[in-house]
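I've put the structures underneath this note.
Below, chain A partners chain B and then partners chain C, in two separate complexes.
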Partner chain A sequence: MNYFKAIFYKEWVKLRIPVGILLLANLAFALYLCIKLRYVGNFNEGEKIWSGWIFKAYLFYKPYTLLPLVSAMIIGFLQYNVEIQNKRIKLVFHLPVGEEKAILQHQIVGLILLCAITLPCYLLIAIYSSFYLPKEFIVSLFYTALPWFFAAINGYIFTELFLLEGNKLYKVFIALLGFSFIRNLLYTEFYNTYLHLLWPIGIITVALFFTPLLASYRFRKGLSQ
Partner chain B sequence: MNDVITCEHLNHSYGTKQVLHDISWSLPKGRICGLLGRNGAGKTTTINILNSFLTPTSGRCLLLGEPSHALSHKAKRQIGYLIEGHVQYSFMNVHQIERFYSKFYENWDPKIYFHLISKLDITPKQKISTMSCGQRSQVALGLILAQDPSLIIFDDYSMGLDPGYRRLFIDVIKEYAAADHRSILLTSHIIQDLENLIDDCIIYDKGHLIANTSLSEFSENYRSYSFTCPQTIEPSFDRTTGTRIEKLKDEYTISGYLSVEEANAVLNQKGIQTEALKNISMSLEDAFIALTGKY
Partner chain C sequence: MIFCTRIILFALSSLMLSHYVPYLFWILTDAHTNQPYILYSNVKEQFVFFRHGEDALHLVDEEGNEYSRGEFRTITPMFSYRQLYYDGILPEALNGVKLDIKKIEAERTSVRLKPKDIYSPSINLYIVFDNGTGSLRLDMPEDFLRLNDKVEFINARTNSLETEKSQLFQNAFDKAGIRFPIKGVFSNPSTLKPYDEGSFIVDAENRVFHLRQVKQKPEIKLLKDAGKYSKIWDEIAPEYILVAEQGNKELRCAIIDTQHRFWLVVGEDFRPVKVPFKNFDPTKMEVRLNGSLLHVQVTAQSDDSLESVAFDRDYNVKRTYTESWPTTATMWQGKVSDSIFPWTTNFRNNNTLYTGFYASLGNPFVLVINVLLALVSMLISIKQGLWDSGRKVMSALILFSGIFGFIAYWFIPIQRPPHA
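For the complex of A and B:
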């Protein structure tokens, strides 16, 4: 039996409208940035754009830093707030799936929806950039924006953790930890700022992906009150 | 396996407050059992332990022969569970929610579900969040019955339901349980509804088990007598025998599994001199209140 399809279906019914709105908002903003680049490209010579990028770290897509993070936290909130109201998450735990598997599948659905919202925007920015800038710039765009994407994933995970955790003291700890960690992923003052930290950030993100299992375990055992 | 639910020496505390005291009972296969008690008696705590939402401080529960905290997928498919308040996915409509749940249960029978849904005055795309409490209860009940479970646990099925929907709920449960000797454990505060529904009753009082018997035995044997007495008597309750002495305006009552002679003997033992005891005719609700006491 394909339980993942059923869980995806449920989450899709729950989130399709917010996902649609967030996708449109993200695409609109990405398009705005592309139009800004076109404006700069039309009124300045090529070497001026290069000079701005290399010497002044003019990252025209930098305004897009926070939008994936905000979108991820909205998705996380809308996805899990419904589940904790009236302890509705008991319905998930009662399914013949396995509690851990059910939670992980919900998270995977959330991440898929997050990718569906943000990756088209990165792609749009990358493709439009290629009309004005060389391939090295596109590669640099990828390495520069990847920490923002990790920040979005972690924003989703910490939002989920915050909602699933019943103990108020733990919630405060989760909020502080999430804020501290995510903030440190967004200090992009120059291109490729986090180039040498991408692997550690990726590994930490993967490890954090499994932490909501602890919150759900604590809920199931009545330890989160 | 004759017992579908077994609780053995359950103890549970929230912090320093103990809420379950050495609870042991079982639900035989094919019986409908009411888990009764006043607010705060420990019913929902027991239900949460049975559904693995709580780990007891000590003791264990078995459902369909398996430990409640480690049920296999096969066992979970055979257990239907109604959360208090008929909680469901209210952002879905009746078709979407049926499509979701049908993927998890091999024996899913949509006919039962849609038969119940057809009785509701709703539009096909109406979200569950816009339905009345009674309509939501039927959706929740239909989803459970469509699973074809051999054991159903209803946590306060009657919450928020008007008499019509309560009666519909009971009629459906009775018909379903009789059809294939299914086992049902339910809790409710509407005791009068249970007189024609449950086979057995388990009654809690402040976390203690004070009755575990068939409904007929409880109704026939638990009696209440009124009497007057010139002396002032302190109300008392003997948990082991279920004998309660209470003051009721100008007279007193003694309730228990007692004949008239036995009731007189209990009073004499306490040094209470009284005139003839008058037998009080009681409904199930009266007997329940007599056993568990008034607030």
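For the complex of A and C:
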């Protein structure tokens, strides 16, 4: 039996409506930004838009910094809050696939859903802006927005960690750690500012992906009191 | 795996604490330094300063003689000429040069270059203004120059390649002998400037070319061949070129070369003038160029030092000055900080827009504190019955992470109950 498919189906049933709403909200916001670009394009010459971007770093997609993070935290909350209530997650621990794999597969499902929500929006912004702006813009969009996507993934992970952890002191610590780390991924005064940090942030994000295993382990062992 | 997750959380917590704890420390201890502002006095033929004392602003010269505001104005006529003129005490002439207010205004130049201007992200698309439009004001061109492996002009209105113009410029580039890949293109993209100097292009062989567009046609000049300074140009390999058009059209550009020497390029024949800085570091120092009817002063200033050079208008060195002062690092706050924090991490730096891990290390004494903190963490863990493999590794890591690791240590969720 393919347990991942089963977990995916279980999570999909649980999250499909909120994910659908989040997808629509994200798409609507991305579309709004594209319409705004069109509006600006209609009233300004191309060279003004280009020079505003190149020399003054006017990034029309900058308002899309926080929405992926908020969406990720909502997914994380909806995915794990239900599991925590009445300690329902204990059922997951008893799946034949094993506790660690089961938790990681839940997270992979969460990340797939996060990608399903945010990537079409990035794609929409990239495709639409390519009508107005050169290929350099698309490359710059990738480098500028990638830290925001990493922030979203980390927001999801820290939300999960926060919910699975039962000890109030540790909860506060996890919240502060998550806030301080994610805050440092969202400075965007200019484009490409995280260019030298993308690999380190990526590595830290991959490492953090496994940290909810500690919370689930503590939950199972009854240490989360 | 569970063990690893604790170490990951410990490492990230230490990293975050190494940013926020020192930040809090510096905010609470309120340490700051006052930097002097340096000017050249054509009357005293030496440098004079605005210095912030504990109580007030002091106006002094190199020897420490203090001046009142009025006296200070009279010894810095090129800086205070408006007030002197208003008060009716602007001298008729100085050093044999007639002081005419209009001429003083016309010859006044002011240029500033910060490290952030050099070491920040940029997009490899450039503006080439057309100098032959007949318009009094500069118009932003419709197209942008891209120089990846060939010359391309991209029209911003249609977002498409301008084939004909690209070919025209490509031919001019080939004729001038510009070698690809281009190492840098430097210009001033502002339309709010008195005229357009054009662009400076550094080719694969470190040669500097001057590109102007006149009536849609390219004009390219190899600077080495532009005057009688080819030998000097041979030793300049530019890392950054500042283009800042000034009203008197004397300064063509300023160059920081790969050896971090600072050059001014002046006059019709692109004469390179080396500014004799002794310890110029463009990654930390801001450069200010202030020109006047009688002199040109170039100052490089960082958080802890300044160097200033005064030239006459033929660019002969008149006087140089170097000064350094204690920074917050040498104050008691800095000493305490260095002794308790094994390192400090900043994610942003005033000298660049790039985000990064900008770390500064503490002094060796901090290792003693680290050892003590590691021992304390170990003893308490043993007493609590929590001396498991995770805490053993974290205690060992406190030897490096010091107080940050020590704080994080107590907040990393435990893996088994005490005395289990």
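By our rule, the second predicted complex is superposed on the first by the 225 of 225 C-alpha atoms of A that agree within 3 Å, B and C clash if a C-alpha of one lies under 4 Å from a C-alpha of the other, contacts with A are read in each partner's own complex, and residues count from 1 in each chain.
Definition applied: contacts are C-beta pairs under 8 Å (C-beta built on N, C-alpha and C of every residue); 3 or more make two chains touch, one makes a residue touch a chain.
What you are looking at is a predicted structure, and each value in this text was computed from that prediction instead of being measured.
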item: Joint occupancy of chain A by chain B and chain C, clash or fit; value: fit
item: Chain B versus chain C as contact partner of A:Leu177, first or second or both or neither; value: second
item: Partner chain(s) touched by A:Val82 [first = chain B, second = chain C, both, neither]; value: first
item: First, second, both or neither for A:Arg220, with chain B first and chain C second; value: first
item: Partner chain in contact with A:Phe142 - chain B first, chain C second, else both or neither; value: neither
item: Touching partner for A:Asn167 - first (chain B), second (chain C), both, neither; value: second
item: When both partners are placed on the shared chain, which of chain B and chain C touches more of chain A; value: C
item: From chain A, separation angle of chain B and chain C (C-alpha centres, steps of 10 degrees); value: 140
item: Touching partner for A:Leu195 - first (chain B), second (chain C), both, neither; value: second
item: First, second, both or neither for A:Tyr32, with chain B first and chain C second; value: neither
item: Contacts of A:Tyr9 with chain B and chain C, given as first, second, both or neither; value: first
item: First (chain B), second (chain C), both or neither touched by A:Phe93; value: first
item: Chain B versus chain C - smallest C-alpha distance in the overlay, whole Å; value: 6
item: Common interface residues of chain A - those touching chain B in one complex and chain C in the other; value: 221, 223
item: Of chain C, residues touching chain A in the complex; value: 1-2, 4-6, 8-9, 12-13, 16, 19-20, 120-125, 127, 140-144, 146, 154-159, 189, 347-348, 353-357, 411, 413-417
item: Residue ranges of chain A touching chain B (in the complex, touch as defined); value: 1-3, 5-6, 9-10, 13-14, 82, 86-88, 90-91, 93-98, 219-223, 225
item: Residue ranges of chain B touching chain A (in the complex, touch as defined); value: 14, 48, 51-55, 73-74, 76-77, 79, 81, 83, 85, 87-89, 91-92, 96, 99-100, 103-106
item: Parts of chain A lying in touch with chain C, wherever the complex brings them together; value: 45-51, 53-55, 100, 130-134, 136, 140, 165, 167, 169-170, 173, 177, 180-181, 184, 187, 189-197, 200, 204, 207-208, 210-211, 213-215, 217-218, 221, 223
